[in-house]
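These notes are about the structure you will find just below.
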Amino acid sequence: MLTIADKTFSSRLFTGTGKFSHQQSMVDALAASGSQLVTMALKRVDMQNRDDDILAPLIANGMNLLPNTSGARTAKEAVFAAQLAREALQTNWVKLEIHPDPKYLLPDPIETLKAAEALAREGFVVLPYVHADPVLCKRLEEVGCAAVMPLGAPIGSNKGIRTQDFLEIIIEQANVPVIVDAGIGSPSHAALAMELGADAVLVNTAIAVAGNPVAMSRAFALAVQSGRMAYEAGLAGQVQQAVASSPLTAFLEEA
Amino acid sequence: MLTIADKTFSSRLFTGTGKFSHQQSMVDALAASGSQLVTMALKRVDMQNRDDDILAPLIANGMNLLPNTSGARTAKEAVFAAQLAREALQTNWVKLEIHPDPKYLLPDPIETLKAAEALAREGFVVLPYVHADPVLCKRLEEVGCAAVMPLGAPIGSNKGIRTQDFLEIIIEQANVPVIVDAGIGSPSHAALAMELGADAVLVNTAIAVAGNPVAMSRAFALAVQSGRMAYEAGLAGQVQQAVASSPLTAFLEEA
Amino acid sequence: MLTIADKTFSSRLFTGTGKFSHQQSMVDALAASGSQLVTMALKRVDMQNRDDDILAPLIANGMNLLPNTSGARTAKEAVFAAQLAREALQTNWVKLEIHPDPKYLLPDPIETLKAAEALAREGFVVLPYVHADPVLCKRLEEVGCAAVMPLGAPIGSNKGIRTQDFLEIIIEQANVPVIVDAGIGSPSHAALAMELGADAVLVNTAIAVAGNPVAMSRAFALAVQSGRMAYEAGLAGQVQQAVASSPLTAFLEEA
Amino acid sequence: MLTIADKTFSSRLFTGTGKFSHQQSMVDALAASGSQLVTMALKRVDMQNRDDDILAPLIANGMNLLPNTSGARTAKEAVFAAQLAREALQTNWVKLEIHPDPKYLLPDPIETLKAAEALAREGFVVLPYVHADPVLCKRLEEVGCAAVMPLGAPIGSNKGIRTQDFLEIIIEQANVPVIVDAGIGSPSHAALAMELGADAVLVNTAIAVAGNPVAMSRAFALAVQSGRMAYEAGLAGQVQQAVASSPLTAFLEEA
């Protein structure tokens, strides 16, 4: 079981509501994923006619919404968005995303730390989306973040775990859960993140744009379980020289 | 369901009996894997006191033994080993392995093709272990092999799918099942092979030498299912530029 | 020719003075490298008996010293170090390095930006060593840094260009020179950085600990020239399907 | 100096004549490369109006032609092509290429070994183009090949050294020169092959289709020198933990 702040999760696959071609597809995929934490962007329209209405059955079933501050370009905007979300969705959890650059949507380390500190002080459970920067992750932990969410690759790229060297250091040093976010494009990527010792992964695009989002959700759920199980079972390292898995048959000489 | 020659398999995870620290660990791990095809080397001692006795309950439960010719250095030795195995284990299935080099145990393309042709002519169901060589795989198919087993990395190295560029071509061109064999060191590697469209994977070392072989077996079983499911669900490709999974929140301006 | 602030460089290979087994080896390697910018840590002992005395002939020959703030854990310490260095070495150039973590020596993004802003305001030519974080690099440029020095891999690891996805974005967006620093372990790594469009690379460990540092210096100098030349000559992209470089011989049929 | 059969080479960059947009570009690029061994396909038209006429000045200057059997699909066709080439070009050197598959042009291991044996027996200096298959390379050496030419990636793909795990084994085991052929798309790829200990590389497509083939030739020539020099100078390995190249400055405390 994974614990973040006051909640425990039996599923280590976190998901999102973006990019699905239609709402029913989203709902079915989220249900199939078994995910208990689902991030969603807050838009004005949500205030009246919210995506989370359609999510009500899932929420009744134990799924938690994680509002994110996507679109915020500064700490100030992000803090404001988090406050609105708290009011609208009745949750003090927030996925902190600050990306001034509209092309690659990469997170701003300075504004993210500033907002994280302010939000933690206000009692938010802050999960910041950041570059796979070990020093920054440490500092976010120190200002009170409940977890850190370093990226695997640029968001939406499906490129997988391109930051492995740095994720390994982050995982080694962290005292809060590490959730690999962004870039995970296939179940093998999710499994790898878990094998490295990540506490959870967040997958959205790869499910939403799959040929069959429901089946892809299930595939990711299995991969996350698999990677965690392998991490706990103890993976052997890589070796240079071959070691036969079949003992060399001596029977020919001996026969 | 995967069909090879006259058998069908609901599990696409094939395993082996080598390198386990003790027999009970092997039996438990094989049971946990759900594998229906398990390779084993033939040794003289096996003729009297066979590993497969201990495997009897699994065999009764639907597991098939796949004798291999590990240790053979020439086509002639391999054919002889296959004939002995047929007699001893009452099966015409054989995993053909010919590796003259005792250090890296890499397969010999020339002797393998020669033995494959001879064995296929004698009515064997031949599954040859080969380098990830697309032309060789095509020729093995043409002489009557029931499947091909290209390697992911040197055997026992746990390095994963280092031959991806060539596996993709093999899978694209094959009319027989493609089973990725050797080098698979973790569930994420197995999932990747399946995502590429492999029909099955064979894993031995990574399970046998894991801290907990039973749990690692289960992890591999999930990963193989996951990878296959993702392949069938339709994976999206990699992209260069970010595409936000959360629609950019316009609420700040609009509020 | 590369221009940074008020200096121009015909060599795009920058080097350092650390880790050499003895001083003469360092001097010979630096001379062989053709490097015109050489970083050195400032130590108390340097104030009296400076490494740069032995470097005097190289300096007379056009090599510039680039004092670094290695060892500083905060912006305040780094600014103080830069001021001492300016006084001691009569240069307003500084390589800004702030790494609170003694194990991996990874740079602190927050303190680095703070120090960069302060030093730029004081008239320093600031070259900050940072994670390959595109947003941070942009902000460092905006506060007046003369160049940015993103890392290829953890310092001293010799792992090469592990941050390629992010370096490409940094290079695409930068209006100041991009110098890839840290992790470059072999000439092929340096050539790759230059092929991606980096303006220069900084190599220290890989030269200092080579079997033959002088020869390795020359090898790096050639690789940097080569990579730059290839970048300017226009590299073709990767393709999936083979295209024969030899036109298929029709002669057999035609003969 | 590299020696193959009866010739010595001061340049370890081998090139080809295919895919250039026009002849003068080819001649200029070959001259700039400094290459002393240049492969060319034999076509019927070559018999009357040969590409090598235009190459006469380069040949007078020490460049050797290496006819290849590109287009041959069987050993028999390749042997015939080699015999024609010997007669037409007055050389007993031949680059043996047999690729039955017109899409990926991957070499056939069986036919290649058969042709190599026949040609070596007839006194040819045989340089076979093969998959990066260590066992096959060893067998080609045993039947009398003067060198082996394993591929880095599918021909024309520019993907670089995708077969590194296997090239390392080939180089470790070979008693004849190892020339990495096919797939090399940029100077950093060529440098890497040389750093691994390859004796030479063959580059054609990446030069021929570059924006500026002459400049790209020079870039490759430098990269090959660089990689060889680094190999001889002794590269340090990769390490996990950071080791500072700048000694940590103690001056702040000591000052």
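By letter and in written order, the chains are A, B, C and D; residue numbering begins at 1 in each of them.
Just so we're on the same page, a contact is a pair of C-beta atoms (placed from the backbone, for glycine too) under 8 Å apart; a residue touches a chain by one contact, two chains touch by 3 or more.
Just so it is clear, the model here is predicted, and its values are computed rather than measured.
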Can you tell me which pair among B-D, A-C or C-D shares over half of its residue-numbered contact pairs with A-B?
C-D
Sort the other chains by how far their Cα centres are from that of chain D and give me the top one.
A
When the centre of a chain is set as the mean of its C-alpha atoms, what distance in Å lies between chain B and chain D?
33
Taking each chain's centre as the mean of its CA atoms, how far is chain A from chain D in angstrom?
45
Would you pick out the residues of chain C that each touch at least 2 other chains?
104, 106, 154, 157, 159
Quick check of your reading of the touch definition: is the inter-chain graph here a line, ring, star, complete or other?
ring
In contact (per the touch rule at the top): chain pairs:
A-B, A-C, B-D, C-D
Okay, in this complex, where on chain A does chain B touch?
16-19, 39-44, 46-47, 68-72, 77, 80-81, 84, 97, 102-106, 154-159, 185-189, 191-192, 195, 204-206, 208-213, 215-216, 218-220, 222-223, 225-227, 229-230, 232-252, 254-255
Using the touch rule from the top, collect the residues of chain B that touch chain D in their complex.
99-101, 104, 106-110, 113, 131, 133-136, 138-139, 153-154, 157, 159, 162-166, 169, 173
